[in-house]
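To start, the structure under review is shown below, and the notes come after it.
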Amino acid sequence: QGDVDLSKFDPSKFLRDFYWGEERQEGGRTVREYELVAEDVEIEVAPGVFYPAWAYNGQVPGPTLRAREGDRVRVTFKNRGAHPHTIHFHGIHDANMDGTFELVGPGQEFVYEFDAEPFGCHLYHCHVPPLRKHVEKGLYGAFIVDPKEGRSEADEMVMVMNGFDTNFDTENEVYTVNGVAFHYQRHPIQIKKGQPVRVYLVNMTEFDLINSMHIHANFFDYYPTGTKLEPTEYTDTKMLAQGERGIMEFTYGRTGNFMFHAHVNEFAELGWLGFFEVEE
Amino acid sequence: QGDVDLSKFDPSKFLRDFYWGEERQEGGRTVREYELVAEDVEIEVAPGVFYPAWAYNGQVPGPTLRAREGDRVRVTFKNRGAHPHTIHFHGIHDANMDGTFELVGPGQEFVYEFDAEPFGCHLYHCHVPPLRKHVEKGLYGAFIVDPKEGRSEADEMVMVMNGFDTNFDTENEVYTVNGVAFHYQRHPIQIKKGQPVRVYLVNMTEFDLINSMHIHANFFDYYPTGTKLEPTEYTDTKMLAQGERGIMEFTYGRTGNFMFHAHVNEFAELGWLGFFEVEE
Amino acid sequence: QGDVDLSKFDPSKFLRDFYWGEERQEGGRTVREYELVAEDVEIEVAPGVFYPAWAYNGQVPGPTLRAREGDRVRVTFKNRGAHPHTIHFHGIHDANMDGTFELVGPGQEFVYEFDAEPFGCHLYHCHVPPLRKHVEKGLYGAFIVDPKEGRSEADEMVMVMNGFDTNFDTENEVYTVNGVAFHYQRHPIQIKKGQPVRVYLVNMTEFDLINSMHIHANFFDYYPTGTKLEPTEYTDTKMLAQGERGIMEFTYGRTGNFMFHAHVNEFAELGWLGFFEVEE
């Protein structure tokens, strides 16, 4: 069965890779400078299955941008693709920083700048019409804003649920978390027994109205959108519509291999399934 | 591209139009008398796109009925359509006021009467089988019950999410909020910077399992069903199944044009998309 | 129209039938021993409509297993079907008790053992791939864990939402709560006026991304997954994805017949609809 070419994109690295940008101080405040480049790129979404993506920094999902509440965020966006694109951030910002009006043509650049607020688990994506096309092609990623006071210590990871329409019939044939079908089955996520885990969960699945997350043999505290410090649910299964997202917190108290997957069986069987390998 | 004939139904007026009924005092309590008339009517759901609706008071959505918790609600329903219909209210009431048993035939009338409870954001719709048909044809509207003590001052509006199957294949070709595709793109909703806004959001989309609401560059407090005075979420994206509804509260702190739409891209591109125009 | 053969499976009995297992004391603690047997069995999902199920104890849904928080649960699983099966419990347990790795072949047995935790409204189902097949065939049931301190007195019942693909095209033609289309329309659920009712609601519908529950003329407190003692919502309509579940609590203050059904009109019309008959 083999594997995808992990030298191009490795979901195991992506999982815990947070892009904090270049940190600078300007007039007494923290500014973070990021660069996102839209490219047309062929990606491998399952071993031997290639998809002609439009991608931020050549990867789907795009990098997980992260900042602290109140930081100034400055994102230089370069469009090296063949179509106009933008970056629309879920967050609070000025109308002209919303990525909806100023299309950035091929070869052009745009600088998005805003304060990081509110704290929570957010996302960004291209907002050029037709929206379905620009989203399904892969132009999206997670955007995390930490509370000023931070969160409790945990093994933090990001999981972006998505799908790929590999035969171009406006339905997905491949479903993944973090871009590669069954990656975390071939490469289970290593976690420690007794170690709190925090998952930033984002749904950017196109075509299907919802997606869901189920963890085995355990339960998680769930924080919708991550915008409050108190969880609203304690469960093992949670559905999200596109654009919805939240934070899951859990701790495995036993060692062993534990599955996680969409509790939409079709999606699980088409790639949205993985494992936690819990060790002492 | 033009516009629909706004002299027949104007979603900009509908948006903030609350039908409080005729207020009377009977035996020391407030009675509100409403009239709803079912009619077969052709409506314009997008410029030049007509749909043969069954509609309360000739409009889809029907009027937004509003009362205060504990008021006596008396709704005279007249069926001037060609099929039997009813009005089923989401609310607490007697079994014989539920709009499920007594079908009201063409030319007949029925008076629904009950106390307005509980406070919240509710809905009404016809409940004659086949249900799909009577709902898809447009027989629904919002029903708001204010808490006795009222809610805080805000610029209040109602948004009913729906769809129209204009080619009769049990799928929607047109999606709207408040009945006309892209109306609030052609006619942005005027709001004031710093002014709290309260949206009564109702999903009555037929055929599709969910619909969703996303506002740009801002977040809202969300009150599911509007039945409690504390919000449960602070987010910018919320999905609803048919019959689900809630209250959104938000304030724009900046001027400019801000998009809102279903975060189901297909629905957004088929009409469920609009703008807030925020001014000083 | 007739009825299904209720001597084989009667949803009216199933409704309030909780399988507490054989209770024993071992080393000072309560052990509950259950037996679940997978069988290939033809079931009648609507009058005259038969479905070739795979079923725990010959019924779909399987028995509602119930224990108290902290009890030791011991489930002897016997596979008398023609395919390998397992039992996967939603709950906290060891990796080798998860029903995901050790397939139990035809004629074989397996004993699942774990502590009942956390308290809440859970479920169990077979987890043999292809998952869609093993779930759609009917291998699932509810699993309730009572809090140590118990819950308040109520008329308790279980409702498992599901569907049946009777023509094998990976879509459901029949929708039910508790296995038989329109059963509770033919046989309304008898409840008492003023009597608190508690419904353990589980969604195991395959193929469709969500299902929902609506009660007429009343509202319920909703406890997602039943894992907390405070409700999060007060509503009359709630959607669930597959694997999601919760507890509804309500009291009818008036006598009469009150409908409940999926607020997905298609599902309601294909069988997911019933009545409460409220008497003094």
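Every chain is named by a letter (A, B and C) in the order it is written, and numbering of its residues begins at 1.
Going forward, a contact is a pair of C-beta atoms (placed from the backbone, for glycine too) under 8 Å apart; a residue touches a chain by one contact, two chains touch by 3 or more.
Bear in mind the structure is a predicted one, so any value in this text is a computation, not a measurement.
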| item | value |
| --- | --- |
| C-alpha-based rotation, chain A on chain B, 0 to 180 degrees, nearest 5 | 120 |
| Copies chain A and chain C touch via same or different residues, half shared test | different |
| Centre-of-Cα separation between chain C and chain A, whole angstrom | 34 |
| Chain C residues counted as touching two or more neighbouring chains | 209-210, 232 |
| For the chain C and chain A complex, residues of the former touching the latter | 88, 90-98, 100-101, 118, 120, 129-132, 135, 206, 209-210, 224-225, 227-228, 232, 241-244 |
| Complex contact set, residues of chain B against chain A | 208-210, 212, 214, 216-219, 232-239, 253-259, 263-266, 268-269, 278 |
